[in-house]
Structure formats: C-alpha cells, structure tokens
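In what follows, chain A forms one complex with chain B and a second complex with chain C.
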Partner chain A sequence: MREDCLSRLNWGRGLFLILLVVSLLSLTVSPTTGAAPARDFFKVGVVTSLSGELAFGGNVTKRGYDMWADTVNQLGGIEIAGKRYRVQLIYADDQSTPATAAVAGERLITQEQVDFILGPYASGTTLALAPITEKYKVPHITGSAESPLIWQRKFKYTFGTIPPVSINAQAPIQTLAQDVSPKPQTIAILGIDDPFSKFAAEAFRTAAQKFGIKVVRYEIVPEGSDYTPAVSAAKAQNPDIFAIGSHEKAAIEMIKAAKELKFNPKAFVQHYGMTTPDFRKGLGKDAEYVFGASVWTANLNYKATILFTTPKEYAEKFKAKFGTEPDYTEAASTAAGIAFQEALRQIKATPPLDQAEKDALVAALEKLNIMTFYGPVKFATSGDYYHSNAGLQPIALQYQGGKLVEVGPGKLALAKPRYPTPPWDRR
Partner chain B sequence: MAVPLFVSSFWLRIATEVLMWAGLAQSWNIIGGYTGYLSFGHGAFFGIGAYTTAILMVHAGWPFWPTLPVGAVLSVLCAATIGIPTLRLRGAYFAIATWAFGEAVRQVATVLEITGGAFGMQLPPFLNLPFFYEAILIATILTYLLAYLLLERSMFGYKLRAIRENEIAAETAGVDTVVTKIEAFALSAIPAAIFGGLYAYLITYIHPDSVLGPAITDLMVVMVLFGGVGTLWGPLVGATAIQLVNRLLWFLRGESTLYLVYAGVAICLVVLFMPDGLMGLVERRRVLFRPRENLKALLRQFKL
Partner chain C sequence: MELFLQTLVDGLLIGGLIIVIGVGFSLCFGVMHIIDFAVGEWVMLGAYTAFWMVRYLGRDPFLYLPVIFFLYLAIGYLIYPLIHRAVSGRRHNPALMGLVFTFGLASLIKGGALTAWGFHVRSVTTWLSGESLALGVAVVPALRFAGFAFGVLATVAFMLFLKWSKIGVAIRAMAQDRVMAELLGVDTNRVSALVYAMYTGLTGMAGVLIGALFSIHAGMGLKYTTFAFFVVVLAGMGYVPGVIPAAFLLGLLQSFVTVYVSGRYTLLAVFFVLYLTLLVRPRGLLGRGW
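And then the complex of A and B:
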C-alpha cells in the first residue's frame, strides 16, 4: 500500500514536469509552411464521408469525383497552354463529423499541399471545412452540399455546383401551379427536422405562397417517429397537394401511411428523395404519380463541349465504369471537377499553384459561365446564395409507368404531368 | 502567438484534439471512475457548454471568455437537478436517467429556435489555432490539477472511492453518500461544459448531432476504460492512445476505412484482458486471460 502511495506521488511529479516542458515548448514560434515542391500534375484534395453514418452519400460524391479525375487522366490530363497536366485525387475521410472534416482540410492543405479541394457530401461537414479553406485561402468546390447556411456565410473560397434545396424544391410546386388544370388550391406540408428536409419543407411553403396555393397545414416532425398521426392530421384538411420534405426513407413511410389511411390528395410531392432507387424499390407501384425535383437527369437535352458532350454520354460512360446509373449528386460532383478544370485552363495556371494563382483561380471561378453535361455552371457572386450554382434550372419529375419523367416546369417538360392522381382503390 | 516548436498546424490541431479528449475523459472519470456511477449522458454537458457559448456569442454578442463560466454553471445546475432524484438510487437507474437526459437535451436543441434547431449554429470564425491550443492546454491542465487535488489528495476523493468500493459500508462509516455523489456529478459536469464551449468556437459550426450525439459520451467512456478506470492518469493515457491512434490510422490509411475495425478490436481486447486499462500495464499489474471475470469485475464496479 505504501509503495502504491509513493508511486502515485512520483506520477504526480512526473505530470508537472511533463506539463512544464509542454508549456515551455509552447512559447516558441513555429516556422511557416514553405512553397510546394515542383511537380507536373495537379494535387487535388477531396474531403468527404467515407465512414460513419454518411458513408453512403460520401461514396456517391467519390464516384462523381473519380469519374472526373479518371476521364481527365485518360485524355492525358487537363490541357493548359498546349501541355497536359494529370490530376491526382488525395482523399481524406471526414468520418461524417465536422471536427474531422476540419482536420482533414488542415491535413490536405498543410501536409499534402494540395492545389484545390473538392468538398464533402453533407452540409455540416462542409460548414466545418469552409473556415479552414478560408484560412489557408485554398479554392474549394463541393459537388453535393447545398445548405443555404453555407452560402449565407459568404465564404470567399467555397463554391458549390448544386443549387440550394430551397430553390430546387420550387420546381414541382411551380409545375403543379402552372402546368395542370384545374389548378390545385390547397397544400399540406409535412417535413422532418433535419436541416435538409426542413429547408425543403420551407421551400414548399414559400413556393406555394408565391404561386397562390393555400397552405392548410405545415408540420415538422422528428425523424424515425411514427408518421401516421401526422399524415392523418394532413388528411383531415383534405388538401389537393400533400408535400413531403424528407429523405427517401421517411418519404416511403409517409406514403405507405397515406395509403393505409386512404388519403387521396390530387398530387404527392417530394424532392430529391424520390429520385433514388431505394424510393422506387421501397414503394413499388405506389411510387407511381409521385412528383419530385432534381437538378439533373440523364435525359436532359444539354449540349456540352468539356469532357462529356451530353448527359446521355456521361450516363453511359458512368454505367460502364461503376455499373450503376449516375444520379444528380454524382453528376454535380463531376461538374465540380470540370469547373476547376475550365477555370485553370482560362487562367493558364500550371501545378503547383502558388497563392497568386489560387486567388486567380477563385476570380476565374466567379466569372465562370460554362455549359457542361450537367447543365450551366455559373456561380452567384451576390445575394443569399453566394457562390452556389445559380445557372441551373431545377426540374420537376414524376413517376409515370415506373419511370422518372421530366414534367416541368414549363418548357423543361419532356412529358405532360399526370394530374390528378387517381384514388388508391382505382390505381 | 505562441506555438510549439517545429509543429505544423495539422499536428497542432491533432494535439489540440488529444488534449481536449484527455480533459473530457477526465471529466467522465470523476463520476464514472472515481465514484463508480455510469453517466451515459455526459455528452449533454459538452453540448450545453457548446450551445451556451454559441448562443451568447451569436444572439447576445458576448465576447468568448465570459461564455465559458456561464456554460459551466448551467451544466452544474443540470447535473444537480438530475442527480438529486437519481443519485439516491443505486445501480443502473442513474445510467438510464443520464442517458435519457442526454437524449432529451439533444431533442430540445433540435426543436428550439434559439439553438438554430436542426440547422445548427455557426459561430463567428476565429481561426487562430495556437490560441485554441493554448486555451485547451490550460483547461486540460486545470482539469487534471482539480482531479489531483480533489480526488487524490483530499477527503472528498476517499469518500468517492469508499462509495465505489462499498456504498453501504461508506454510509455506515459516516459518509453522506447522496450529497457526495451529487457533488461529484456536478463537479464532473464543469470540465465537459468548458471543453464544449472551446470546441464550438474552434470548429465554428455546431449541430445537435455533432455536439450532443451519443458519440461524444461513448468516446469519453471508451477512453477511460482503455486508459484505466478511476485513476488520475488513465483518462490521459486512454484519450491520447485512442485519439492519436485514430488520427494516425486515419492519416496513414486514409483512403480505406479499415482503421475503424482496428480501433474496435483494440478496445475489445483491452476491456476483456486488461481490467486496469493501459495504466495497469504501466504499473506492471496484469494482463489477465480470464475475460469473464474481468467483465464481471467491471460490472461490479459500476454496480450493475
């Protein structure tokens, strides 16, 4: 026992010695990081969720970024002033947490000395990474994150290729308000309390008010609860439109609840969630007639020149490489790479980029106005959606005959919207 | 500002994280280790500290420093409020109540307007990493100094250990066990809240899932178990080992996620075969190849 006490005492002294040394060390000044060593390829940092709860989405962005880098390298690299420079992607997992996203950014910038960064899948991790890219003045484009919170902060070095969900979710409401008759008069909105879903629900409400559709019920519920009471409350209002702000899983459960309750609105509206294969699988033929929104599908008629000429060509090459159909996030991630590539070509910057070139790259991105297979890429330079892609027009989609069809708004339609949705017992 | 010599900001950030987790693990160790009461809601105090700092800075325009004591006081009040009814009971009730408290705080933060709800909150960016390193270093030193003085060198510490080893005997010997336990729980909430405030300002973005999610508490518990439950240096050793190994594996094997598996296996092995954690090895105590007894001893310590 006595021995035990003694050893404790020594430990105590040991600690203070260690802490003293640490404190002393902390009084000296560290050298600043020097210039990157010469190389003839671009080092591109990628921070995204490869593990943790967002790993699925993180891998979606990874496929999009890989598609860009591999296609560029197959052509010999990015052509700048007559010479081609290959790109090397360096991944850093953000473990689906903001704290790790910040360390990941710090590592890619200070250890790997990357030229620029392709950003995370989720908005939370992006909001932790953006201050780091800001601090080191390194250009950063996210091919997935889109929360209005990111753009409200007006980060100088952060850009995004996907328009905010608040803009995107308007598309199906606008289509229903302008392209069908009789025009729906009322809407009930049910949302989930995560940032993405809540913004979508708010966007439905704003759009409904803008297009003269009366909001008869608006409710936000926690994820994972039993949605039957909330759906039942919406049914009691007998709305023409039932809009769901959520990811696909909750949307599937809400639509199932609506079927059980024999809730027959004239239109079911969702947004991105309904474009996923899981939505289709989870609901089977009950997915039919559901409206949604996206910023990109492989059927659109864009004509482009950089890397891929059409959405169709991209989709075919993507499927040959990964065995799955690309969705809008993969396309937007590839487009993030294309935006960098085109801006680099314009400023004729060669690797490694020095600070002046990185700043010139940001200036070029701000002026960028290009047509890609993903659609127009043009970053906003003012307003609430600063540096998000303002060039792209979101599209309304609907399941018709088991397929996703572009139904609006207006001239974007490739088919007429089917409205009203027949009651459950007559489908 | 002052920075450790020859350290790039990447390693400085990792050192900052390690120090923060060492402090957080010690805060859990006060109630979980020294007192033997499992707090599964300890992350809530971290979150309360983080949100207090965020709300006061964003909505009330406060400077950073004064927000820290406010968060600490709020956490102490919360700890006392939960402790007064639940610490009269023994066994698993406290663990269940603290778990429920943690979940409740997370749900409240998700619903309220002032916390930004599900959108989370952004703090004014102050990207001076050396500042955070120094601040967290000082907070960690103070936490360990507090633990050393109060738990290793005072009557209070003996009372807590008496409660852990045999609560009935402690009471017979004249220890007011309920009050002592509540004091320990309230004390343990203070460092957690301080580090919460520091974290919020360091990362500049907080969300109910990132500062109030179960992962915060889980890591504190695992670090203490790994290092050595109820010892002064166990939390430091455990936090350093886990956070550093996590980051090194992440750094060296960054493109695969296999490092999570390595970390999980290592934690299982320590809990099963090294009942005294890494500190047990340092003190040349034992590696015991009797996992069943080791687990039983652990459960006994937590009165389960």
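And then the complex of A and C:
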C-alpha cells in the first residue's frame, strides 16, 4: 500500500512541492535592514493573546491600546513639530503561547516594519517577545506584564507601565496586617505555575513574612488542573487568609472550589483577575469580600494633560466606548501608548522611524517623567526592576456591595476593609 | 485523617467527571476506530449552549440537559457522514484521516466559538452550585457528586444498552469485526452514525456539568481532549468498561499527588503513569483493549 502511495506522487507534483517549500523559505528570510517605505503615519505593532487560554486578558490589553490609538487619531494624530501623524495598530495574535509571541513579533518587525511595539498581556509571552525586540532593536512597551523576571533580564528595548507584581501584590497583605483587627495570624497561598502567578504567590509570601503572618501552606499548581485537592489541602490548615496567585480564570475556579468545600477563611486575597468584570459576573455574590491589588482606580485624583485629564474622565470615555469599567491593566495599556507618544514628541521623530530614531526613542523613554491620567510614568534605569514603571503606589481593593473599593494600605483607604469574611451562606 | 478522606473523595469525584467524557470517546474509538480530536470542543459547545439557554430562557441549566443531549445527538448524526467520507474510500490510513479531519473540526469549532461568543470567561450557576453534603468528616460538593452519579449512571445505562438492545448487539458486532457484521446484514453506516451521535450527545451534556463547575471559554476544550486520550489509553483502547477504573485512578492520582507530594508534580505523575502503561500494559490496565 505504501509503495503505491509513493508511486502516485509523480514528478510533476514533487517539483511543485519543492518549489512551494523554497518559496515559503524565501518568505521567512525577507530583508530586515532595508528602509521602510515612506509614510505619514506611525505603524505600531501589537503582540497579544487574542485566542487560547489568555484570550480574555489579551482583549483587556487590546481595549487599552485601542483606547489610546482611537483617541489619538480622533485628535488628528500625534503632534510632532507642528504636524500631526496618525497611528495605525497592527495586531498579531500570540495564541497565548510564548513561542508564537516570538514569531508574531518577528513578523511584525521584519514584514510589517513597525516603528515600535506594544506588548502582550501575560508575562510568559512577554518574556518570549522581549529577546526578539532586543535582537531587532525595536522599542517595546508592555502595558500589562508584571513578572519581575522581565526586568531582571535588563532588556534595553523593553519597558513596562505596571510596577512588578512582587511590589503590587503586597498591598492587600499589608492592609490585612495593619488595618484590621484582630490581626490575621496565618495564611495559605496557592499559586499557578506561570511567570506572573508564581511571583504573585511569592509576593504574598514575602509580605506575610514581613508583616508577621505565618505561612501555613504554600503550593504552586499547574494551570488548568482541577484545583479541588489543592484547595482541600489549604483548608486542612485552617488559615485566616487564603491567597490566590493567578489570572482571572483560575481565580474564579478556585473560589468556586472553596465554596463547594465549605472553606471559609477570614479573608480571600487575589491580585490580578478580581478587578475584571468577568470575575464579578462569574462569581456573583461570592465575589463579595474578596481582597485584591491594583495600581490604578478611577477614584484616584491625578491631574494630567495628555489625552485624558483625570482618571474619572478616562473611565467615563472608556465606559462609553466599551460598555465596561476600565481596570488598571486597561489604563496601563493606554498609558503605554501615551509614553511612546510623549517620547516621540520629545525627540521630534517622524514616521517611518530609522534605527537611529528608534535608539533615540529608547533614550527618550529612559528619561521620560510625565504625569498621565494613569499616574506618573517614569521608568527605572537601574536595579532589579530595570525599565519598569517606578512611579506608582499599589492599592488594596475589596468587593463591597458589588463594587470595588479602595481599602488600604493605610491612608489610601476610601472605605474600611470588611473583615472577617462571613460564612458563605451569609453573604 | 480528615485530609486523607477529603483527598480520597476529591479524587473519586474528579474521576467521576472524567468518566463522563471518557465513555463516549472510548465507544467512538472502539466501534469506529475514529480518534475524535474534537471531544473537548463538544464539551465546550455543551457548556456554551447551557450558558446561552440560561441567559435567554432563564431557569436552571440542569433542566436543559435532555434538550442539549438531543441537540448534540442531532448535530453528531448530521456531521457523521462527513467523517465517514474522510475515513472511507481509497484512503491509505483511515485512522490518521479521521484524526486529521477531527483536528480540523476542533480548530473550526474553537475559532468559531471565539469569534461568535467572544473572549469573556462565562459561568453558569445551577441549584446545586456551592452546595455540599457532609460525608463523615469529608465535604462532598453536590455538583461534583451529581457529575459523578451522572458519569456512573450513563456508563451503566450504556453497558445495558450495548448488551440488551438490538442496536447494541450490532454495535458490539461491529466493534469485533466490521466486515463480518456487514456480511451479516448490519447497516454499519447507520450504526456508526448512531454511535457518533450518542457520543456527541453525551459529551455535550457533560459540558453542562463541567461549565457549572469550572468556567466557560472558547479555549476550554483542549484540556478535556487530553483527559479523554489519557483515560482511553489507560482503560485499554476501545474497551468501554475500562474507563471507570482508569478515570478513578487518574482522579485519585491527581488528588493525592497534589496534597501529599506537590501540586507541581501532578502532571508529571499523570504522564509518568501514562508512559508506564503504554510500556508495560499497552492494552490498558485490565488488558482488554487493543
């Protein structure tokens, strides 16, 4: 049978196949150094997760980036030396996998010849994209990734508008340690095995140790596994706090599992995920009392001049456009665009950017110190958090009456934290 | 001791859920020799159907279980001729063609779901959600118990159907020797379509349970496809009753490794057992597969 199969593949077809392979190969090694054709708009590459496990988060960043680009274009574009240049976002789907993120970035740079790149939703994909932008020397800002691993690698061309998770995730633990009584004594931590979630879990642990809360269980589990056994094991320790390091989906599933197992700690803590509308919709009243962390809310009173004047104005325009309240990742993604816009204005670079202008753009980003609706954007230029935004302060949040309110730490509170959490049937 | 019992219960309940997915898949493989790569996609579609029915019609998603069963039964029956076309005729490797065809089908369904229903993570709530029963010191989540009961009952009903009904006899005959069954007057095409339809119906129904327990999104299927493969290898390819012990082993393994070793090693342990099975007992735990 097999010989029959081979003999059927005649020479003509073989030749065709060889030609096909050769032409495909030549496509992938297209020239990269050639100058981009003249144009009067900025080509902005966006690599993020539009399908796969992280599609929800990817679309969160997309809304943030779209908000920036659409607002800029409504004003006629970025004003540089008296002339306005529009921006065009070119999306590439990383399918929620790091390897695809690298390929997508390479394609945007070599084939689309984008001027700069707005980065992915997740830290894992960002860690795969950063070496590519480094290789081709293309400036890249992520409006979402939070893993400290990115900044420890000290990529020259990669920046981020959200401070690392190792700082942010400490806020709710600090609030619980200092602003409620009686002070919680023990904590069980459950994290997912990815670069963001693992560090969220680690930040919970560091903060707990710093504030004298005993860590009774610390467990990292793979994404997509059944979380019931891990939650059972945490429950067996009877901790005061149950902290979850994960993205939105795993957080929903773990809290569902906790309810089913009648696991009733005095506080639930999460970091990213609890700020999204899907978390609240998915859990309904079970989202109530959950603590979380953010670096931005619409209630902050920043005064800015670029695109949006206040967090409130941004939130209103965002809601009018997308029908949901923005969370901090959406705001940070918009701020990533603003950072590029301001740096471009400072160096007076016009599209398309050549390599010297791209390097100048990186230098300008390093010096950038601006006030936006999202708060100060100022990238660190040394230390462990190299090129991540050093200007922001993390805030502890809690669901109270179906709304997210700021509960700490300390003076940042707009409402008192509700503690302890009542049993499941009395929420 | 309390944790040990809870871990045992957790493991058995996880096993119960896996049974639900494994049974139809195993039957589909056993009778038609088709490895349906889209098994997880049927789970996802079932979950989404329940979500939209609740959104527009209200009431409890469990009320729609029969509707969803017949809906996916019909869809499976209509799709089967396409699969049949892909695996029959003068193809050199029908099993591979089936795999490729269903892989394509899975990609289509997944992409279509993402485009049509968006990226939001959805949930459905049933009257059993968040409820639980006390079993001594262990807590038994009611919804998982329902899934467990559903899995076991569906398997037993299936076994009885295969044993006593006329179509069941035809199915078994076909699984043993397709050509001989055809010679004896079994309409293998119709029987195959029926088996595939029952499999999609059952799997779609399982989706409702899974959607209520976890969360619903377009990419959720792949995980269950992996589970289905695993359980069928462990059960012995095509040996339907083997699914029950295999699923329990898989559930208990996950549960005990997570609690007593480390969550990080759960998948490692699971795949280690899979490889070991393939090496030592390639015909499955009970040695009854092929």
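Following the convention adopted for this analysis, the second predicted complex is superposed on the first by the 350 of 427 C-alpha atoms of A that agree within 3 Å, B and C clash if a C-alpha of one lies under 4 Å from a C-alpha of the other, contacts with A are read in each partner's own complex, and residues count from 1 in each chain.
FYI, a residue touches a chain if its C-beta (ideal position, glycine included) is under 8 Å from a C-beta of that chain, and two chains touch if they have at least 3 such contacts.
Not measured: the values here are computed from a predicted model.
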Which of chain B and chain C A:93 touches, first, second, both or neither: first
Partner chain(s) touched by A:55 [first = chain B, second = chain C, both, neither]: both
Which superposed partner A:81 touches (first chain B, second chain C, both, neither): neither
Touched partner set for A:193, first chain B, second chain C, both or neither: both
Contacts of A:111 with chain B and chain C, given as first, second, both or neither: first
Contacts of A:38 with chain B and chain C, given as first, second, both or neither: neither
Partner chain(s) touched by A:225 [first = chain B, second = chain C, both, neither]: second
First, second, both or neither for A:320, with chain B first and chain C second: neither
Partner chain(s) touched by A:262 [first = chain B, second = chain C, both, neither]: second
Residues of chain A that lie at the interface with chain B and also at the interface with chain C: 50-51, 55, 193, 222
Residues of chain A that touch chain B when the two form their complex: 7-8, 11-12, 15, 19, 22-23, 25-31, 33, 50-51, 55, 91-93, 95, 97-100, 102-103, 106-107, 110-111, 124, 127-128, 131-132, 134-135, 147, 149, 153, 193-195, 197-199, 222
Contacting residues of chain A [partner chain C, same complex]: 1-2, 4-5, 50-53, 55-56, 58-59, 96, 190, 193, 219-222, 224-226, 228-230, 232-233, 235-236, 248-249, 252-253, 256-257, 259-262, 278, 281-284, 286, 424
Residue ranges of chain B touching chain A (in the complex, touch as defined): 2-10, 12-14, 17, 107, 110-111, 117-120, 122, 125, 127, 133-134, 137, 141, 144, 148, 152, 199, 203-207, 209-210, 215, 232-233, 247, 250-251, 254-255, 257, 260, 283
Touching residues on chain C, where the partner in the complex is chain A: 2-3, 6-7, 10-11, 13-14, 17, 92, 110-111, 114, 118-123, 125, 129-132, 139, 141-144, 213-215, 217-219, 223, 254-256, 258-259, 262-264, 266-267
